[in-house]
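These notes are about the structure you will find just below.
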Amino acid sequence: MTNYKKTKHQLKGEIKNISCGDEYCRITIEAPAMCQVAEPGQFVMVRAAEEKSNDPLFRRPFSIHQVADGLLTIIFKIVGRGTRNLAKMKTAELLDVIGPLGKGFHVANMQRHYLVGGGMGIAPMHFLAESIYKQHPESEIIALLGARTAKELDAFAHLNSLGYLQVATSTDDGTSGHHGLVIDLLEQSVAARGSGAVYCCGPGPMMKAIALFCKDKKMPCQVSLETVMACGVGACLGCAVSGADVIGDGYLHVCKDGPVFEAAKIWV
Amino acid sequence: MTNYKKTKHQLKGEIKNISCGDEYCRITIEAPAMCQVAEPGQFVMVRAAEEKSNDPLFRRPFSIHQVADGLLTIIFKIVGRGTRNLAKMKTAELLDVIGPLGKGFHVANMQRHYLVGGGMGIAPMHFLAESIYKQHPESEIIALLGARTAKELDAFAHLNSLGYLQVATSTDDGTSGHHGLVIDLLEQSVAARGSGAVYCCGPGPMMKAIALFCKDKKMPCQVSLETVMACGVGACLGCAVSGADVIGDGYLHVCKDGPVFEAAKIWV
Amino acid sequence: MGIGRPDLTVAIGDWQLANPIMTASGTFGYGAEFADFVNLNRLGAIVVKGVSVKPRIGNPPPRIVETACGMLNAIGLENPGIEKFLTDKIPQLKKYTCGIVVNILGDSLEEYCTLAERLNETDITAIEVNISCPNVKKGGVAFGTDAKMVYDVTRCVRERSDKPIIMKLSPNVTDIAAMAAAAEEGGANAVSLINTLLGMAIDIRARRPKLANKVGGLSGPAIKPIALRMVWQVAQRVKIPVIGIGGISTVEDVVEFLLAGATAIQIGTANLVNPKAAEELIDGLENYLLENKIASVKELINGLIT
Amino acid sequence: MGIGRPDLTVAIGDWQLANPIMTASGTFGYGAEFADFVNLNRLGAIVVKGVSVKPRIGNPPPRIVETACGMLNAIGLENPGIEKFLTDKIPQLKKYTCGIVVNILGDSLEEYCTLAERLNETDITAIEVNISCPNVKKGGVAFGTDAKMVYDVTRCVRERSDKPIIMKLSPNVTDIAAMAAAAEEGGANAVSLINTLLGMAIDIRARRPKLANKVGGLSGPAIKPIALRMVWQVAQRVKIPVIGIGGISTVEDVVEFLLAGATAIQIGTANLVNPKAAEELIDGLENYLLENKIASVKELINGLIT
C-alpha cells in the first residue's frame, strides 16, 4: 500500500460557524483533508445522535455546499430527529463526519452550464458553480432554482452575489421569480440562450422531467439522486436504486455509483 | 373518584436556572404542583434522552434537593449518559419530570436531629433540614456531611449559610473537616451532645454502619436507598431490594416502599 | 362521515372495547399506580400484572437492566397469589369502567386451570394467559414453545371459563404462527403477542450477569420490528383477533400494528418511561384518524397492502 | 507480567488470529471499501459479503430501514457469484495479511457443496456458511431453523473442503443451542452467531411495508442482549469455538461476548455507523486488557461467573 492516497476521511470537524433558523441550518466545519479532495456533487455523512447514543443510528448524508480555505459547509433542512439534533449544536463543538463520498458532477467542457436545483437540491450548486467557473471562466453559468415558496430560497440567497453566476428562480406559489416549475425556466433559457450542459438536483419527478427534456434536446444531463443510506461507502448495498437497465447491470448504488449519474443511466 | 387528590404529577418544567461544572450540575425548574405536595426524601424522575430518542430509555431518579416558591431544585453528579445529556440543557428549556415519588423522611418529634449525608447522598438534606426547622424550630439540627474530597462538597456549600443548621464535614483525604469517615462525626456528636433522630443518605456500606451504630445506641434511624429504577411508581417491580426479612414480606420496592426506610427494615 | 369524532371502538369476539389501546401486563401494575397520570376509565383495557396460584416473591435483585432502546427484566413474576388478588385487588379494579384483563401464569397445566376457574367467578372482562413460563413437569421447557402444550393450556383454560381467553404468545420460537394456530384450535378468543425476547447483559467488572436471574426478557422500542413481523405473520394465519404488543410508544407504532393485522394493541415498557403514554396514544390515534379522515379505526385493521 | 503488551491472539482450531475482532459479512463489503478508514491488516479477519453460485442482483429498493437503535436490511444477498468473486475479488483480498473468511449461501444443499469445493482451491483462510437462507426444495424453510438441515449442510461443506468451516446460525429458532450442536456434530470447526432477527416496518402513509421485500433482518445495538444470551447458551452446549455477533459497538460489548464464551467476535452494523469501529475496538480491547492488567485476551473467554 505504498503510494496509496486516501480519498475518504473520517474526522471530528470543529464547528466554525452554525446558523440555524426554524427550518434550515447551515454548518461550517474545519476539514482541510476533506476540502482538498472534495468534488462538487459529493456528499458527507454526519453522525446525528448524542455521543454514545445509538438512536438515531444512521449517519445523515448531506451534499457539500461549499469548500473554501479548509472549511466545509453543509446546508440542510430540519426535517426529523437527526437534523433537529444537529441544529442544536454550537460553535466549537465537534461534528463527526466522513467524506467526501460518492461520485460528484463531471464538469462538462462546454460553453453553457445550467445548474438546476429544486428545494434542498440547491445545496450542491454553490460548490459546482465555483468549480465550473474555475475550469471554464469564460463559460456562461446559469443557476435555475426552484422552490415551493420564496422562504425556501432564503438559505441560498448568497448565490445571487456570485459575480460569475446568473440566477433565476421559480416558486410554486409565485412568491419569488417565475410562478411555476423550474423546468419552465430551463425551457425558456434554452430557447433564449441555446443548449448547454445540465446539472440537476432536486425531487425525483422534477429530475425525471428535466432528464427527458434534455434527452429530447440532446443536451448532456447529470442528476443527483437521494436514497436512505447506511454506510455511504458502498459496503452495505442498502442504497440501491433501479437504473434504466436493472436486469443487465443489476441495481445502481447511490453512495458509490452516484449520487450523480448520467440521466440516461436512470431514465430512458 | 370524587375528592381524589393527585399526589404525583408529570410536567415539563421550565428550567429557571442551570449551573453545571465538569462534575456536578444543579437545575432549578418551575414545578408549583410538585412543590405543593413534595416531602423531603422524595424524588423525581427525569427524562434524559433527546426528544423522540429512546436511548437512554429510562428516566433518571434524583432526590428533591429543595423546593421554594414553586421552584424545585435537583443536584446531581455527572456520571453517565443521562446526566451528561441533562448537563447540556439550557435555561428556558423544558425538563420532563414526574414526581414527587416514593416515601420520604418522617420528621421525628425529637429535640435533636442528625442529618448524615455521604457524597451525592447530601442532596436531599437541604429540603429535610428546612422541613425539620419548620416543624421543630427549637430543635437542634446537625448536618454531618462526608465526601471523598473537599471538592465533592462544593455543590453543597450553601448549607453552611442556613442559620438553623450546624454543619460538620469529613473527607477521606482530609481536605475538608475531619480526616476520616462521617460515622466518626456521628459518634463524636452523639457522645458530645446526646442522642437524636438520624436521617441518612449515602453509599450502602456507610448507611449500614450508621444503621448498626444507631441500633446499638437505640436511636431512630432512617436510610434512603438507591437502586436502578424503571417506572418509579411501583408498577414494574424492578427496584426490589432485600430487606431484613425477605422471606416474610418478600422484597421491598425502593420507589414505592422507600426510598426512605426505617433502618431496621433493612439491616438487623 | 362529516366532522364527527372517529369511531375508536373495536371488538374481540363479543367484547366491545372503547378503543384498541390496552396496557400490557407487568408494566401497569394494577392500574392504581397510574391513576395520577392517566384517566384509567378511558383505556380500552387494563391488563394487570400476572397472577399465579400461590404468592411469589419474585427474583432477587437486580431485576432490570437498561439496554439500547430497550430493557431487560427478570422480575420473576412477583405477585400476591390468586386469593389475595381476589380479595385485595378485584374490588379496586371493579371501580374502573374500562375492560379488566387478568394475566395468569402457572408452573403446570393444573395451575392454569385452577386460575381460570377462580377468575370465572369474578366479573373481570377477560383472561390473558402468559405461556412464556417454564413447565416444571416438562423439564422447564416454556409452555409457549411447543404447539401441543399451547393447545393443552388453551383447552383447559377454555373449559374452565366463559370469559374471553387471550393466549399470550412467546416470541422465542421458530414459528410463532404455529403457536397461534394451536391456540386458535384450542378455543382461544384471541392471541396477544409478543411477550419479551430472552436476553442477557453482563457486568464486565464483576464478570457476572447483570441480572440475578442471569437472563431476562427484552422489551421496548428495540424489539418493535420483531413484534410487528410476528403480528403480521400471525394475523395471516389465524382468524381470531390478534392483539399486538412490543415496543409500541408512538401513534405511528400503533397504526403500524393495526395495519399489520392487530385488532388491538398493548402498551408495555412505554408506560414506564412515560406514565401518560397510554392515554396520549388514545388521543393521538383519534387525532390521526381525524387528520386522515378515517371514520373508524377498524378501517386500519389489516389494511396493509403487500 | 510486567508492562508488556497484552496478548490478543486467539485460536479457532489451527487457525491463529492476531486478535478476536472480525468484521461481519455484508457490513464490510470486500474490505477495500474501508481501506481509507481502517488498517485492514490489523483485523483478526475480514468476513466478506455472502457469495452464491450464480450472481444475484439482490432485492429491489427500499432495502434498509432505520429502527430504534438498529436497522432492518433486505439486501437480498446481492453478489457477483462465485466465478466473478474468484477472478475479481480474491486477487485483491490476497493482498491483506489478515484472515480472509468467505461467507457462502445457497438455495440448496448442492449449492453449498459447490461453493465449498470451489473455495477449497483458493488460499482463503476459512469458510463461513450462512444458513439463514431458505431451502427452496423444502418449501422455503430456512436451513438454519432445522437441526437436520443444519447437520446436512455442515457435513457436505465439511466433506468438500479442508478449510476451517464456520457455521453461521440463525437466531430465529426456539433452540439455537440445538442448531449449534448439529453443526458441531456435522464437523464444523466453529459456529458464529447471530445472524439477523426477522423483522418488519410499515410505512403508514403508503400502508405498505417499508422494505420492498416486506420483511428484513434486524441488526445493531438493539439486538445485543438477545445475541449475548444465545452466545452464552451455545458456548455452554458445544466444545467448538463460538464467534459472537450482534450489536457489538463498544469495548464493553466485546468483553461481554468474550466472557459469555465467545472466542472471537464480529462487528457488523457498527461498521456502517462508524467505519473505523473495528480498528478502534482492537485498540480499545488492548487498552482494556492493559488497564485491567490482564495478560491475555484468552483469560476473558468463558470467564463469566454464574
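Lettered A, B, C and D in written order, each chain numbered from 1.
Throughout what follows, contacts are C-beta pairs under 8 Å (C-beta built on N, C-alpha and C of every residue); 3 or more make two chains touch, one makes a residue touch a chain.
If you're wondering where the values come from, they're calculated on a predicted model, not measured in any experiment.
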Pair sharing more residue contacts (C-beta pairs) when A-C is set against B-C: B-C
Chain of greatest Cα-centre distance to chain D: B
Computed distance of Cα centres, chain D from chain C, in Å: 34
Averaged-CA centre spacing for the pair chain D and chain B, given as whole angstrom: 47
Distance from chain C to chain B - Cα centre to Cα centre, in angstrom: 36
Residue list for chain D, restricted to those that touch at least two other chains: 67-70, 220-222
Sites on chain B at which at least two other chains make contact: 54-56
Contact footprint of chain B on chain C as seen in their complex: 26-29, 33-37, 49, 55, 57-71, 73, 75, 78, 95, 220-222, 249, 269, 271-276
Touching residues (chain side chain D, partner chain C) in the complex: 67-70, 72, 145, 172-174, 197-202, 204, 206-209, 214-215, 218, 220-226, 228-229, 232, 247, 252, 255-256, 259-260, 303-306
Sites on chain C touched by chain A in the complex: 68-69
Sites on chain A touched by chain B in the complex: 49-56, 81, 84-85
In the complex with chain C, residue positions of chain A that touch it: 54-55
